[in-house]
């Protein structure tokens, strides 16, 4: 079985990290390829960034439909997920939807960690779209006070706030760029930590097996 | 005051009708221009159709921001409305959101008339996004039995079903292509009939006046 | 076109301010008259205050139906709005409903500024009625610490708290008595500020034009 | 203990029936008095009817507060219930809210029987206000085909439709004028049948005992 | 009339307190018996504790159905309430559902006081089940800073926080073990304080009278 | 990796079918064992049936925790899922929750096929619990008219009704006893058909891999 992860941005470094973490999870049970979207922003932060990726994502989807068994959209905003589901006859899973819905299965409430304050309302809107706003504990970005910390320290501290102050029972990494960070957070925290890439992969693989 | 209606499709006939009906409503109180989206499908029926219009709509918005006081997105699916709101510093109103929210102010429940069955779930999803699914009576497309009727007869009959069977107290025209039909339906029906283009225009004009 | 604003209270000063601000907005494009409710409390603060205005408001509506093209209920609690919509065959718009629904079109979340703590749950209840509680950032009244400030400073500081702490992207003035304050707040804040009287006016005028 | 039922209309016959059924339920365990509202419509069918009763209801409440231990608002629309709760320091229960909330405790879904089609959306709105629209099976008024039947046959047939077609597991009588009909319906149907007057009485009495 | 309170735990002391407070409320108007569940945990704190009580509760229900007129489940988590409602042909009322729904009738928002932090999400989940999460002000357990206070002081302080910080207008005792505490809290606080045992009793008694 | 499916009933035939279909899906990628619950009803149809399985399920879970990497609860009602999640430190997935949440990822609306009318409100309640009632098209049991048809014909006809009349875009098999039927339905229908056992397996396996 072969799964294509469509990375909606054009950053080779992020594409590479997604690819590596996906392979780490797949462990050879299935093949996984991450392709960057041609003509797309380097990072997806705004609604406009998402729009700019539309044409390239559709092109990538159409060119690859026959070569893959399932598709993952590798950005936590789930850009153009409705389109991808519509045009592809094979399973398509967004890392946002996958991790949010799996999170809702693992605890009473979950929090999403995101990279910066600007994206908080976009994540909240997505959670509303998936009907799970009532069980969202919070969306949190690391505060300025962590600016000098390592990525790991920063998100660890932010997750701890979500657990303690917002009573989150599950932590969701709210950006594909954080892929892999779940492992270190999980070691430190006493709650499930979800990487959307991983959640989307096992759902996509599962659906492709049916 | 000048309002730009961005018609997300490229059909000159639909652009012309929107323009004429908009001018009819504006009656010279404000200037209104409808521009078709360059590089866009002739008709917006699917999610993919919406995606294909993204780049052209953004281009149109950026090119015209300084020349207009407010913007209307002239397709009832409200394609890329979040992007348009984000990138334009001036008021932007979608005809779907405008007519749905105004409809919710005029009766206990409203129905949306759409062109074909395929678009029903897309309209329902939009109503959920706007938090008004509890007061949606129905989304209805004319049945096959009206195939030989005139447009007016077709939608009149469909509206009557919505009023009688679904207890709709307000009718919303669910497609910019139906613009103008509200007048004839209103003459026959005893309930408010809303044309999204008109609703979006008066909200956009109002916001631009502030 | 002529619009009647029914001020549900009997305070001549508030009626005068509403009238002036409404005319400022209308700029001669339409005629607008604000009438105080005969036999009504000087200020509408409680549910009982609203009830006391019922008979006078109905009388005012009936006496004026033939003389005006649309009606605005000029209190942010939207007192007796259901009755007014029921008995008048012409458009009726409440300033609460108008500003709350327009606010939901201009940002992910909005906050309402109100005059005192007692009215907070009444405003929240209204937002629930309009199905928009999920996108309400907060309802805030100026704290005691602003007692010695000017009206403008007081509400400016309160709006800033709503923006900063509750992540409001739109500010709604939650009292007809605050009409006009939107202009000075807008100058200071980087988000839309809505005066319900203005929102209701442009919706009512728009509906009357159809 | 003494409970006052405020009948928001002025129909002596309905007041008498409410009084009798209330006494039947009270069986001397507590005293119950039903007073008609001075200056009120003979029957509460519309929003305007409710408004017309406001002043008289407030007068009745204030005059009687010291003489009674709890209050019941005897109309299924719960007219002015918010006001009554606000001004009276003693328990106040609406027969609509009481029966709707008790119904939600007795089955997965409930239906409301009402006197005519016009009131259906008003009842639905009330159920939304009480947050229970998701568990409302239906609101039904007897169809024209039952015009020549007795009251009992009419509502029995209507209840059977609600049970069979809408899968109602509980039936709520949606009008104080139907008080007492629950007994005969209960004999025929295999589901709980709730008279709002009775539900409100036992809640009011319970709260007064605390 | 005879009401059986099924105490889902096996703590004789708690059973005794429930019995005494229930009799205090019943004042001889009806007979009330509280029976502990055979083979059940001493205290119901977790989901597992609830499960362990299932068999004993069903046994108690079946053995006593013919001897009692109505049943109360005496734990605020409402364990196995769906089962009890299903198997008993007579009224069954949970103290959680009863007090939560009555609370929603007495103010805009209510708070639940619970014994410890662990139970907060379980109570929140219950409020969601009853569709009232939008009007839940908070669930609060006494903080560590009150460890040395008396039970009364502890919950009084916690209730005050709920009223002041969360704007609760009604307080619900979230544990059968707190039965009776409502009287002293009510004396100190200016809002209704509800003991679920009492609420369930008057609803059960009312339903049994029909 | 080893996954234990806890079949909450005691029917050896159903246990065997679940085991076989689970192995078919696992195809040796992971080991899967289905164990029947000791002391449980032969079929789980009512709330009481679920309660009767509680003790045995907990025993099974505790005895097997160290031997398996993840757990699936093999009944579409998700009996005691909250308890299982609470007591097991390893992933636990209910086939109801898994298939309902995956269904919500594959189309605008989904329908659940169940074995008989009695279970419809129990399934609806479950969908409400998972916050997805707004996107539930229907729950349908085969009508009497299909009594003489084969299982496959029966559910095929029922699924076709859900697709045509309720506009379901995804079909969920609402009973573990229907496991395997998804393959034949999928061949005939043009929409995704989900077997909860399969959905739960791939989620459980995915979570166990993390």
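In this document, chain identifiers A, B, C, D, E and F correspond to the written order of the chains, with residue numbering beginning at 1 in each.
Quick note on the criterion: a contact is a pair of C-beta atoms (placed from the backbone, for glycine too) under 8 Å apart; a residue touches a chain by one contact, two chains touch by 3 or more.
Being a predicted model, the structure only gives us computed values, none of them experimental.
Asker: Going by the stated contact rule, which chains contact chain B and chain D alike?
Answerer: Intersection of chain B and chain D contact lists gives C, F.
Asker: On the document's contact criterion, could you list the chains that touch chain B and likewise touch chain F?
Answerer: Both chain B and chain F are touched by A, D, going by the contact rule given at the top.
Asker: Which is the least count of steps on a path of touching chains running from chain D to chain F?
Answerer: 1
Asker: Can you name the chain that lies farthest from chain E, using the mean of each chain's Cα atoms as its centre?
Answerer: B
Asker: When the CA atoms of chain C are placed over those of chain E, what is the turn angle between 0 and 180 degrees, to the nearest 5?
Answerer: 120
Asker: Among all chains, whose Cα centre is located farthest from the one for chain C?
Answerer: So the chain farthest away from chain C turns out to be F.
Asker: When the C-alpha atoms of chain A and chain D are each averaged to a single point, how far apart are the two points in Å?
Answerer: Here chain A and chain D have centroids separated by 51 Å.
Asker: At what distance in angstrom does the C-alpha mean of chain C lie from that of chain A?
Answerer: That pair's centroid distance is 42 Å.
Asker: How many Å are there between the centre of chain C and the centre of chain D, using C-alpha atoms for each centre?
Answerer: The mean C-alpha positions of chain C and chain D differ by 33 Å.
Asker: Any chance you could list the residues of chain B touching two or more other chains?
Answerer: Within chain B, the residues that touch at least two other chains are 85, 128, 134-135.
Asker: Could you please write down every pair of chains that are in touch?
Answerer: Touching chain pairs, listed by label, are A-B, A-C, A-E, A-F, B-C, B-D, B-F, C-D, C-E, D-E, D-F, E-F.
Asker: What residues of chain A sit close enough to touch chain E in their complex?
Answerer: 108-109, 134-135, 167, 169
Asker: For a test of understanding, state which residues of chain C touch chain B in their complex under the given definition.
Answerer: Listed in rising order, the residues are 25, 27, 29, 85, 91, 93, 97-98, 101-102, 104-106, 130-132, 134-135, 182, 186, 192, 195, 198-199, 201-203, 205-207, 209-210.
Asker: Under the definition above, what is the set of chain C residues touching chain E in their complex?
Answerer: Within the complex, chain C contacts chain E at residues 120-122, 124-125, 128, 133.
Asker: Flag every residue of chain B that touches chain A in the complex, lowest number first.
Answerer: Against chain A, the touching part of chain B is residues 46-48, 50-52, 54-55, 58, 80, 82-83, 85-87, 128-129.
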